[in-house]
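Before we start, here is the structure in question, set down as structure tokens.
Chain lettering (A, B and C) follows the sequence in which the chains are written, and residue indices restart at 1 in each chain.
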Amino acid sequence: MKIIKTKSALPGFGITLGLSLTYLSLLLLIPLAALTLYAARLSWGEMVHILTDRRVLSAFYVSFVSAGMAALIAGMFGLVIAWTLTRYRFIGQRIIDAAIDLPFAIPTAVAGIALAVMFSKNGVLGKVLTPLGWDIALSKAGIVIALIFIGFPFVVRTLQPVIKALDKEVEEAAVSLGANTRQRLLKIIFPAIMPAWLTGMALAFARGIGEYATIIFISSNMPFQTEIVPLLIVKKLLQFDYTGAAALGTMMLVLAFILLFIINALQSWMKKRESST
Amino acid sequence: MSITIENVHKKFGSFDALKNINLTLEKGALTALLGPSGSGKTTLLRIIAGLEEPDGGSVHFFGENITRQPINQRKVGFVFQHYALFKHMTIFDNVAFGLNIRPRATRPTKEIIKEKVFKLLSMVQLESMAKRYPSELSGGQKQRVALARALAVEPRVLLLDEPFGALDAKVRQELRRWLRYLHDETHLTSVFVTHDQEEALEVADQIVILNQGAVEQVGSPEEVYDHPINPFVYGFMGHVNLYHGRRHLEETRASDVTSASNHAGQTQLFVRPHDIELSRDNPSGKGVAAQVISYKALGNRVRVGLNAYQSNETIEANIEKKSWRALNLELNDNVYFTILDAKYYNDENTWSDYVI
Amino acid sequence: MMQKTSFANESLWVKRAGILITLGFLAVFIVLPLYTIFSEAFRSGVAVYKKAVTSPEVLSSIRLTLTVALVCVPINTIFGTLLAWSIAKYSFRGKKALTTLIELPFAVSPVIAGLMFVLLFGAHGGLGRWLQSMDIKIVFALPGIILATTFVTFPFIARTLIPLMESLGNDDEEAALTLGASGLQTFFKITLSNIKWGLLYGIILTNARAIGEYGAVAVVSGLIRGETTTLPLTIGFLFDEYAFSAAFAAASLLTLLAFVTLILKSAMERRLKASD
């Protein structure tokens, strides 16, 4: 009875929802419609022509591969960091925990130029890596590095509460029942954190696909090599090719919706896991 | 009659929370809405308060139809199960809230508010806590503050939603008595929701028993306890033994319990455990032979599990410790039990399953 | 017993490896970038740094950035709170879809956000031509920058407040109403103090993003240097022309702001946890 209690007693439903929807329409829906309507003027053939252009295809390839690789690497490190920060106590932990959010707090352009210089020939890390033959700045690796920076906090922050909620007694019970470390990891811990881990990586991937400012400073932005989709859109706009930009933009928008849908599904999976434990 | 409810019904989705409720609550009485969870008792209380809107029907306060009146104009005092004290305000400010927010024209002066708040705080014995914050109070104290806060606006009716539900047994006991005392002082028309029949019997003047969104019985505590209208109410008001027995027109004899199970006219008997007497012999001939299969002392009474030999039915008796000692029984001993009072209901329609 | 011990031993080993990897990763991705920013900023000395951060270009872009934040943070605070209230306090059809829609600005690329406003208000479209005839400039001007920034920062407040309001429930508000409070009194005297830390948390995040946004602003401002360059854009321009010291000097200001944001953010988080 109390679970399905409606929340109708509070006054102001009409006015608050009305104002909210008006605001959302003005700020979100109308611009969204402007983009899709602009792209809708294109015929199917024109749309296909724009999207199958070799430069466009290679930009999508670069964006996807680098965002995917970055999400995986951020996933690996994010898992270790989240585990370490939740399970162990050590000096400076609180500061380190707060520092995880730096990529959220620091402007992307600032991070972009910092990473670019850091990995350049004269930078702190570039100085060491370039003689070894690792040219990170201006290469595809640079894009991946930038996206790892942007993406890893998503993985850490999604995993932390789930790891915290892991029942240590269940693990101990498994061990007392004779499970070895590998079994404990594979059968107890991994299934419990899997949904959150995937969610974190999906968030990192979604953010990586759309990221612009962090990348453009570290990448050489060369067509067919290190040119990402958002950059191509900006270039098209600067050349007043609004149709091309709108077509690419709509494609990205569709992609964003698909990712949003996947992330939502992952999150509800995550919630189900939480409530069943 | 101060609160009248006419044909009120309410659905949550496809679930009938309340089905056509008609009810009149006496002026100045303390009424308990009693029922198991899901019976609609809280929904009914929230509809009276205006926190929920009925799908149909009307609610009247003192003859005035207030069904469409917004909550903040109803002048109801509402006490929440989890207190709902304002965390960021002191106890004083919590109690004064309803007065402080009034428009200037009707707001009492600061002095009057202060005097009034302290009067209420002294009534709930919390004057010394005026400057504290809710987080510094115990559960029972919080509930008393919630009550004082509700009374500060001089409500027409006082509504309490499971007021003692979140408290531990001892505090609960104290607060119950105290609520009764308070009501005797103020005579404010009050309604409280509970799922605890003991609480309702102890505190209320009038009990409304709800089940599955409908009113089963309305009456004084004695009425509903001594004359439960149907098996549901019987079962809900206390522990019950069910056995098969045979009904005679004039009386129900305990001996039938064992002898009649295969006869026509068989019926189900409802017997309270404390309406059973035990004896070692059977001088009146009304006793039924049984074996002691368990016993457990609970305070000054003893709960005895019996198995009737002939019908092989299990029966629970609840007798005074004194008589138990006098009987000097052990497990597996033979004993005779006599039923002092039993009820039967043979209308299939009024039958309702109730699991204690 | 044996197994328990091996469990503990393995833990110690895992712990050391975990801490090592964590520190190593964060050294590369947090410490070194910060070191780079400040060492580059002060590479040519304090005097050059001072000159760089007080140059007319940097100062005017700071002014513009603050103007943008001053407009868009209050707007999003008000509407984000309204939206959170209407979603958390009532149940209605389409609530779930609405909750998902809120996340959209985070899901699309900031470049797309900018693009949408360019297409909506740009001179090539009907609306744009009409605006031009009325002499109203939106794209490549301050209003466009504000709109795009408001768009990308919109979700912060609502997504912080919705779960908070839902976990708090409606009891306090209902109690206030039964005591005779009006809807507005209930909100300002009860709800607002219950959610204040969450609201501040959302405001801090909104502000940080509003000041630091690059992609969306770059697109709506048309990457024209001059009147419509916010501080992040100026940093980009300076960097592109190899004025590293100046670029990093300006960047160091935003980095300091990021520190303040982080400190406030973790303070708010502790407050939120404590009030649970």
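Quick notes on this one:
Basically, a residue touches a chain if its C-beta (ideal position, glycine included) is under 8 Å from a C-beta of that chain, and two chains touch if they have at least 3 such contacts.
Computed from a predicted model, the values in this text were never measured in an experiment.
Chains touching both subunit B and subunit C: A. Of all chains, the one whose CA centroid is most distant from that of subunit A is B.
Should one ask which of A-C and A-B has more C-beta pairs in contact, the pair is A-C.
Annotation: 53 Å between the Cα-based centres of subunit B and subunit C. For the pair subunit A and subunit C, the distance between C-alpha centroids works out to 16 Å.
Averaging Cα coordinates per chain places subunit A and subunit B 55 Å apart.
Among all residues of subunit B, those that touch two or more other chains are 50-51, 70-72.
Looking at subunit C, one finds that residues 174, 177, 182 touch two or more other chains.
For subunit A, residues touching at least two other chains, in rising order: 6, 8-9, 11.
Residue ranges of subunit A in contact with subunit C, taken from their complex: 6-13, 16-17, 19-20, 23-24, 27-28, 30-32, 34-35, 38, 77, 80-81, 83-85, 87-88, 90, 96-111, 113-118, 123-125, 148-149, 152, 172, 175-176, 178, 181, 206-207, 209-213, 217, 229-230, 233-234, 237-238, 242, 245-246, 249, 252-253, 256-257, 259-260, 263-264. On subunit B, the positions that touch subunit A within their shared complex are 12-13, 15, 17, 37-40, 42-43, 46, 50-53, 70-72. Within the complex formed with subunit C, the subunit B residues making contact are 49-51, 70-78, 80, 82, 84-88, 97-98, 101-102, 146, 149-150, 152-153.
Listed in rising order, the residues of subunit A touching subunit B in the complex are 1-2, 4-6, 8-9, 11.
Put simply, subunit C touches subunit B in their complex at residues 171-172, 174-182, 185, 189-190, 193-194, 275.
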